[in-house]
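These are the structures, in structure tokens.
What follows is subunit A paired twice: with subunit B in the first complex and subunit C in the second.
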Partner chain A sequence: MLNCKQLQFNYPKSRPILKSVDLNFGSGNIYGLFGKNGEGKSTLMKLVCGLLTPEFGYCTLFGESTHARSVQTLKDLFFIPEDFELPALPIYTFEKINSVFYPNFSREHFYTLIEEFRLYRKQDISKLSFGQKKKVLIAFGLATNTPLLLLDEPTNGLDIPSKSQFRKILASSINEDKCIIISTHQVRDLHSLIDHMVILDNAQVIFNQSLSTVSDALWFGRPSKENESEVLFSESTFGGRVILNREFQEESEVDLELLFNGVLSNPEKINSILKN
Partner chain B sequence: MDFDNSKPIYLQIAEVFYENILEKRWKEEERIPSVREIAMLVEVNPNTAIRAFNHLQDLEVIYNKRGIGYFVAKKGFSKVMEIKRKEFMEHTLPDVFKKMNMMNIPLEELINAFNQEKNEKE
Partner chain C sequence: MAKEFDISRIVQFIKRDVTLLKGSIVTGLLVSSILLFLFCLFNMAWDKKLSADEFFGCFSLCYFPLGVLYTYAICREFQNPKLNHTYLSLPVSTQERITAKWLNAYLLYTLGFSLLAITVGMFAMIVGTIIFRADFTITSLFSTNYWNVVFLYFFVQPIFLVGALSFTKNRIGKTLLVLGVLFIGFLIFNFICFGLLNHDFGIFSGESTGSLAFDKASKDFSLFGRWFYGLIFGPLMLLVAYYKIKEKEV
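Take a look at the complex of A and B:
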């Protein structure tokens, strides 16, 4: 559905942010985009939705270049950036003005979400807190029903109950026709929703796997005496968890944080096991 | 739902199903929530929820009526009992034995504790 080919980008006078990035995103999945600070997650998202121009390479959504920003493409994607400005308008005016650009927009869904987030349609957006503004944008983004939804650090600024609400909303909105890409550092907020992990490091994609492949091949947990020697990666903390070759052990839940650290410390090792 | 981070989430969802069936909140031949509703309730990816449903269908705890939804199987309750008993015998007990060995707890002490608990309840 969404393809990135040999994507290359750098900001003026800076080192390359992305070097020849190839990625394919399919519908029906929630992708987690991970990487340390400044490794190009947000840049990749902006390239995908046509807000930045690649140095080389391209992104296509349903075969159309996203950089061309045609009406055809823009109606099919929505991007919720980490930082954003919203106009000083009442929520319902904001909805009226912007919803016309999205043919599958559901007003009913939008106002249900607004109510669930304890906001009112007549509230002036400029008088809302950062977290509340984010809720307006999240509600709007989900109500657009676009096939592609990009979320950059969506849980930043959300209070504790809203994070759970957000997970519920996201779980109910994904379907076979949609693709959701989430970049986040708050692994714990979203680990139960993500089913595919992409890691960016040193301007490249160093990891790109579905979590079902990962849980088939690797085992996460506390080591016992018998398997101490086969550890692929271990946390350095006392009593820390480890990654092992799963082999005949029972399936374990993928620990995204551990996997992320394991891949960063030795990408070749983990990737070579997953290839077999 | 709070996930313990060692067991796969789909199996943890299955545990909730077992509990509901054993406590008769979900009765045999009764309709249970849909995949989407469960995904939303426990805040997981619907693909994970589908895995839990498929797993329980394979174990004949629930079944699917095409176009209507999922139901607890006719013998769902006894199936769950069987599964939980097997789990107790194959996983919980060996674990207890291991700990008893480690701490030098003789079997008699266990029997006494068991009888005492039983008496207190009666």
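Take a look at the complex of A and C:
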């Protein structure tokens, strides 16, 4: 569906943000795009949308370059940026003036989501908090029913109940025709939501695996005394939880934060186990 | 495959801009109506009549500044880093965007403001006949003065459209500054060309030949000048605006 080939980018007078990044995103998945601050997650999203021009390489959506910003490509994607402003209009006017551009937009779905987020259609957007504005944009993005939905730090500004509500809504929105890419540095917020993990570090993709592959090959939990020597990664702050080579152990739930830290500390070791 | 140029999408895009700027449009039109009304009234107080010349003088005093402000207002989303992500990722092609901006900021604005100005002008005349016992003359919308003003705006508006799309802060000031620098540049260039080509005729000897030539040059454009400034310059600026939109990054 979405292919990025040899993507290279740097802002003027800055170090390279992305160095020859190759990525493929398929439909029916929710991808988590992780990385430390300033590692190029937002930049990658903007490149995917055609809002930035790569130094080298390209991104294609259904075979068409996204950089051209053609009407068809823009109809197939919706981007929710991290920092944004919405016009001072009632929610229903905002919907009315923007939804006409998206042929698969579902008004019913939009207003259902608005109600779920405890907002109402006549509310003036200018009087909403940033978190509430984010909910309006998330609801709008989901209601567009575009095959590709990109969310940059979507949980920033959301309170704790809203974060779990967001996870629930997003999980129910995915279908076989859709691909959702969520970029965040708050790994815990996407717990039990994503099914594929991409980690960016030092301007490169250092990890790109489905969580089913991860849970097949790795084990997360507290080690017994016999397998303490086989620990791949551990952190005392995680209550003694470690990553182990799964081998004959029972399948465990993937601990995203532990995996993220483990990959950052030693990507080669974890990648080599997953390849085998 | 979606069409890259769709009239219905252009109409929707114009509607979107108008809805977003509804408050500013109403305020702008109200303020300019009051100003226009007062200008017309002051004119009638002086000579007890409002000629077409006088009316369109007042008209252009409001029409130009308000039009420039409107042009900048419809490009606000384009330059605002917190708004332009969603704006630029709307499924509207660059051709449609530039067409919508131009139709909105030139054609619709001219039509709307002209109708409003004529109404205000008529009202001012009625008030003038009552207060100052001025003559009541129906101003013609199709007078040469009106078309001159509208044609001049056709040439000026795309320059400000390019300015609105090029600068992020102090946009009007920076556009005027660039225009001023360009004007001075053209002046110096023309002066040098004029001096080089006509030096042998003794134009700098203190006689009046030089100033006569300058006077003539300011009023009488060559055929190339007429074509360039009258027909090509406006669309050329629209082409520049098109590429500004096409190459815009966030």
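Operating definition for what follows: the second predicted complex is superposed on the first by the 272 of 276 C-alpha atoms of A that agree within 3 Å, B and C clash if a C-alpha of one lies under 4 Å from a C-alpha of the other, contacts with A are read in each partner's own complex, and residues count from 1 in each chain.
Heads up, the rule we're going with is that a contact is a pair of C-beta atoms (placed from the backbone, for glycine too) under 8 Å apart; a residue touches a chain by one contact, two chains touch by 3 or more.
Here the structure is a predicted model, which means the values were calculated and not measured.
After superposition onto subunit A, the partners subunit B and subunit C occupy separate space and fit alongside each other. Contact comparison for subunit A: of subunit B and subunit C, C touches the greater number of residues. In the superposition on chain A, A:F101 contacts subunit C only, with no contact to subunit B.
Using CA centres, the angle subtended at subunit A by subunit B and subunit C is 150 degrees, rounded to a multiple of 10.
When both complexes are overlaid on chain A, the residue A:E253 reaches subunit B alone and has no touch with subunit C. By the touch criterion defined above, A:I270 reaches neither subunit B nor subunit C.
In the superposed model, A:L52 makes contact with subunit C only, not with subunit B. Judged by the touch definition given at the top, the superposed model places A:L89 against subunit C, while subunit B stays out of reach. Touch criterion met: A:I30 reaches subunit B, while subunit C stays clear of it. Minimum Cα-Cα distance between subunit B and subunit C in the superposed model: 27 Å. Put simply, subunit A uses no single residue to touch subunit B in one complex and subunit C in the other.
Across the complex, subunit A meets subunit B through its residues 28-30, 164, 167-168, 171-172, 174-175, 192-195, 215, 220-221, 251-253, 255. Chain contact summary for the complex, subunit A toward subunit C: residues 46, 49-53, 69-72, 74-75, 77-79, 81, 83-85, 87, 89, 93, 96-98, 100-102, 137.
On subunit B, the positions that touch subunit A within their shared complex are 3, 5-9, 11, 36, 39-48. Listing the residues of subunit C that touch subunit A in their complex gives 1-4, 6, 9, 12, 15-16, 19-20, 80, 82-83, 85-86, 88-94, 96, 249-250.
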